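Take this structure first; my questions come after.
Chains: A, B and C, in written order; residue numbering restarts at 1 for each.
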Amino acid sequence: MTSLARKLAILALFALLGAATAQQLSFWHYWDGANGQVLQGLIDQYQAENPGVTIEAVFVPGSELVTRLQTAIQGRQTPSLAIADLVTVPLLTGSGALVPLDDYIAASNLDLDDYFPGPMVYGIRDGRRYSLPVSASNLALFWNKDLFEQAGLDPDVPPRTWSELIAFGQTIRERTGAWGFELFTQGGEGTSWQWQVFLWSAGGEVLSADLGSPAFHSAAGERALGMWADLVHEHGVSTIAPWGLFGRGEAAMVMDGSWMTQFFPMQVRFPLGSAIFPYADDGVPASNLGGEQVFLFASDAATEAAAWDFVAWFSSTEVQVEWNRNTGFMPIRASVADDPAYRAWVASARPLLQPFVDVMPYARARPPITNYPRVSDLLAEYVLEAVHARMTPAQALGAAESEIAPLLR
Amino acid sequence: MVDKRAAAVRGTPRSPNGGVGRAWPEALLLLGPALLVLATFSVYPALASIHLSLFDWDGIRPVRAFVGLDNYTRLVASREFANSLRVTVVYSAGMTIAALAIGLLTAVLLNQRIRGIALYRVLFFLPVITPTVAAGVVWRHLFDPSQGVVNRSLAMVGVSGPSWLTDPAWALLAVILVGVWKRVGFNVVVYLAALQGVPRMLYEAAQLDGATPWQTLRYVTIPLLAPTTFFLSVTALIDAFQVFDLVYVMTSGGPLRSTDVFGFFLYRYGFRYHELGYASAIAFVMFALIFVATLVQYRLARGGGRAG
Amino acid sequence: MRGRRIRTIATHVALIAGATVSAMPFLWMVTTSLKPPGALYQPPLLVPIHFEWANYAEAWRAAPFPRFFLNSAVMAVGITLAQTMLSAMAGYAFARLRFPGRDALFLVVLGTMMIPFPVTLIPSYMIVAQLGWIDTYAALIVPRAASAFAIFLFRQFFLHLPRELEEAALIDGAGRFAIFWRIVIPLSTPVIAASAIFSFLFAWNDFLWPLVVTTSPRMQTIQVGLAMFQGQYGVFWTLLMAACVLAVIPAILAFLVAQRRFIEGMTTTGLKG
């Protein structure tokens, strides 16, 4: 064999060996469009630093991911790792198909105390942790500065309490004809998670600490629901209509998510302000969390280890800063929120995002129960009964309580 | 018409429809593939799902808990089921009847050798072939209380339109309207084809007898179209009972569950609450109701005329 | 005479009104798809005054639409061929052959039409997964290779087809299958066209099943792509409508092409009684 041929043969041998020992991972997610590209960029970076690993990122439309994971678990065709919406994690941890992460976390230098408390209530089952937060979003106040000005209000001063919310709303309604505040009245999760912010800020809780019984039928609960009903009927500040009034400039204020800091400026034709959402007059700031958690599916040891390695890398402060800067997702770790590069980016590129970052320590998560969607839908249904004035807040919460209590076992 | 002598000469006992014994291998060959597919992907899964309805399972836990008929007793006693039943019946009856009536009327009008009939047919059929997702998304916007075309048109004639999809009193009607919109074209086309097979003589005879157009319609046309009406109402009802895409896109079963049709009710419990056993029970009940309704229609048609 | 003229005018008015209601949402879809993003929240239009064709290019680029189109086409053609063939054969057997349990079997076939799809979803998926067909054309086509509706259609048609030619062939000793292929099928162009267009439209517009059995953009169909698009660009109605229009056009074209045959098919399926 010529020297060249021998070199080629050796190269081929190495390539074959490399291919044979290359670790293939599949990663299911629902991050779409630009976020999906950011993910791919980070994956490429990881692959460059870890040549033996290939990660195939598979996009599954958000609403179908859990269905697909369900059927995948049934058909034993699970990916190596996946993300899922916060709220669906209890469902997956009960499947027996996920890998407990405690040992991996202990062996790595991942500091769990650095994580914000809100998202961390998820992923725990029988004392073991099966998932980690990888992204978050939360809710805060947006307002239309033009309408504020038209109504004679200072366009840079948002309401901070419920009384101010009502007062500002009424002023706007009287002086501009626009609605003061847009409520999400289409039911389902949208209504439920907005109302929970009101409940928490009035000092209430959705469920008891052991998650075994409803806790929303309380003075705080009636206050929060009364506020919603009053916004529509008593104060005339809000109305029941399809979502989109704020975007069209027909309502001056709205509670919406951190992701809208990217979309609103593109869609609306007025200057925007954002602030922590007004809280009950003697209550506390609150927000509701969305976001995703990452978890590993049980398979062979090598795959699991490789998948964990990626997760640990992805969860590191540096990578998270990159991730958040490019996607607009909220920091899940205090070290990221305090990171100078991150703060500089927020200040220059997304100033609207700062209040969302500021409220992260106060942001609460929805109850981590398996049948949360059912509980949430029922809660929303009764919240709307009160908003539609078909029941009083006390009646509505009482009815909700009696229907929800048996579901919490 | 068969020359029995000729058949006897050949010694093959053939009746016009093929002898029973002889037909088997051919029946198998002709029916086999279709039946195999239907058995594997329709019948078996349906049975598997009936089996599933006797369990409590979330689709993920490795163990399923047998609960017998609990899912059914829970279902029948639940207020959500009673509501969903009412909503589904109203939707199905409303959509089917309206689409039939409008379809028939339109076909009768078109049948008068109107100019541009081909264009009309296409325009009426467009909704039928539009993907339901796209249709739902578009109509959701059209029903917007302040900006939508529907309310703006009503405003032009001085009527203040309701807040369609967010008003529990109107949302179901809105969904029915879209269902009718999507269905009418199909009825028009089928009725039109059926009408074009009706001999002109009959109409002329009726006219000679002094019948008004309305009387002709009622006493000549409609009875003649009975088999077509049967076919259209059966298929429409089966479809309407299972409506899902529209509700999913437009109202998500709301507001206040006023559009929570069976299809969506089932989806909620199966894919949102992950109660596969319960959802399977809902499916079985749906299936039973559809079956009974169809059977009733079949019997009615049998009594009234040839159903084929 | 005046009565007749009023009736004619009223007829035209009614028909135009009906046709407008029918077509109006589609018009809205098209005009919105041509609006620039800034005009998003402006009042709805029925006549396009904007012509932002860039929306279409943007929508086409935003997702691998060429691949989605191809997958939808392969799936739709595959399903159409399979359904037409299998259903014609089955419909013929039900119409012409006598065997014990024939009518009961036909009722069972009809019964499958009433099985709500979500019921069969998971067990069907499990079967497909076990066969190793996930993310293949087989998964998209085979489970839908038969259609109870098409069988119904064909049976109706064959019941009303005059039997003389077949009987003559029978007497000549020909087998049923050969009769089916050589004599009956050539006479069945109208119902074949009708059935084919139904199959094609069903397949083209189908969403939930292709979503569940495909996992990669390599295999996903146009409606799945549209749903992905709704997730990515849901807030951008102009792009969403552009994608909608792209997803709808083939269905319309197919219908326009097969329209005449479709109508002929309806005419002779004996539905008129």
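In the analysis below, a contact is a pair of C-beta atoms (placed from the backbone, for glycine too) under 8 Å apart; a residue touches a chain by one contact, two chains touch by 3 or more.
In this text the structure is predicted, and so the values were computed from the model without any measurement.
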- Query: So how do the chains connect up here, line, ring, star, complete, or something else (other)?
  - Reply: complete
- Where is the C-beta contact count highest, in terms of which two chains? B-C
- chain A-chain B separation of Cα centroids, rounded to whole Å: 40
- Message: Please tell me the distance, in whole Å, between the geometric centres of chain B and chain C computed from their C-alpha atoms.
- Response: 15
- Message: I need the residues of chain C touching at least two other chains; which ones are they?
- Response: 41, 122, 227
- Task: Please list all residues of chain B that touch 2 or more other chains.
- Result: 59, 147, 271
- Item | Where chain A touches two or more other chains at once, by residue number | 67, 70-71, 74, 244, 248
- Note on the structure: In their shared complex, chain B is touched by residues of chain C numbered 7, 11-12, 14-15, 18-19, 21-26, 28-29, 32, 41, 43-44, 46, 85-87, 89-90, 92-94, 96-100, 105, 108-124, 127, 142-146, 148-149, 151, 156, 159-160, 163-164, 167, 170-171, 173, 175-177, 180, 201, 204-205, 207, 223, 226-227, 230, 237, 240-241, 244, 247-248, 251-252, 255-256, 259, 262-263, 266-267, 270-273
- The residues of chain A that touch chain B in their complex are 66-67, 69-71, 73-74, 91-92, 94-97, 185-188, 240-242, 244, 248, 250, 370-371, 373-374, 377, 381, 384-385, 388, 390
- Footprint of chain C on chain A - complex, ascending: 30, 32-33, 58-64, 67-68, 70-71, 74-77, 244, 247-249, 263, 266-269
- Note on the structure: So, in the complex, the side of chain B touching chain A is made of residues 58-62, 140, 144-147, 163, 165-168, 252-257, 268, 271-275
- Quick one: in the complex, what on chain C touches chain A? 37-38, 40-41, 62, 122, 125-126, 129-130, 134, 211-212, 215-217, 224, 227-228, 231-233, 235-236
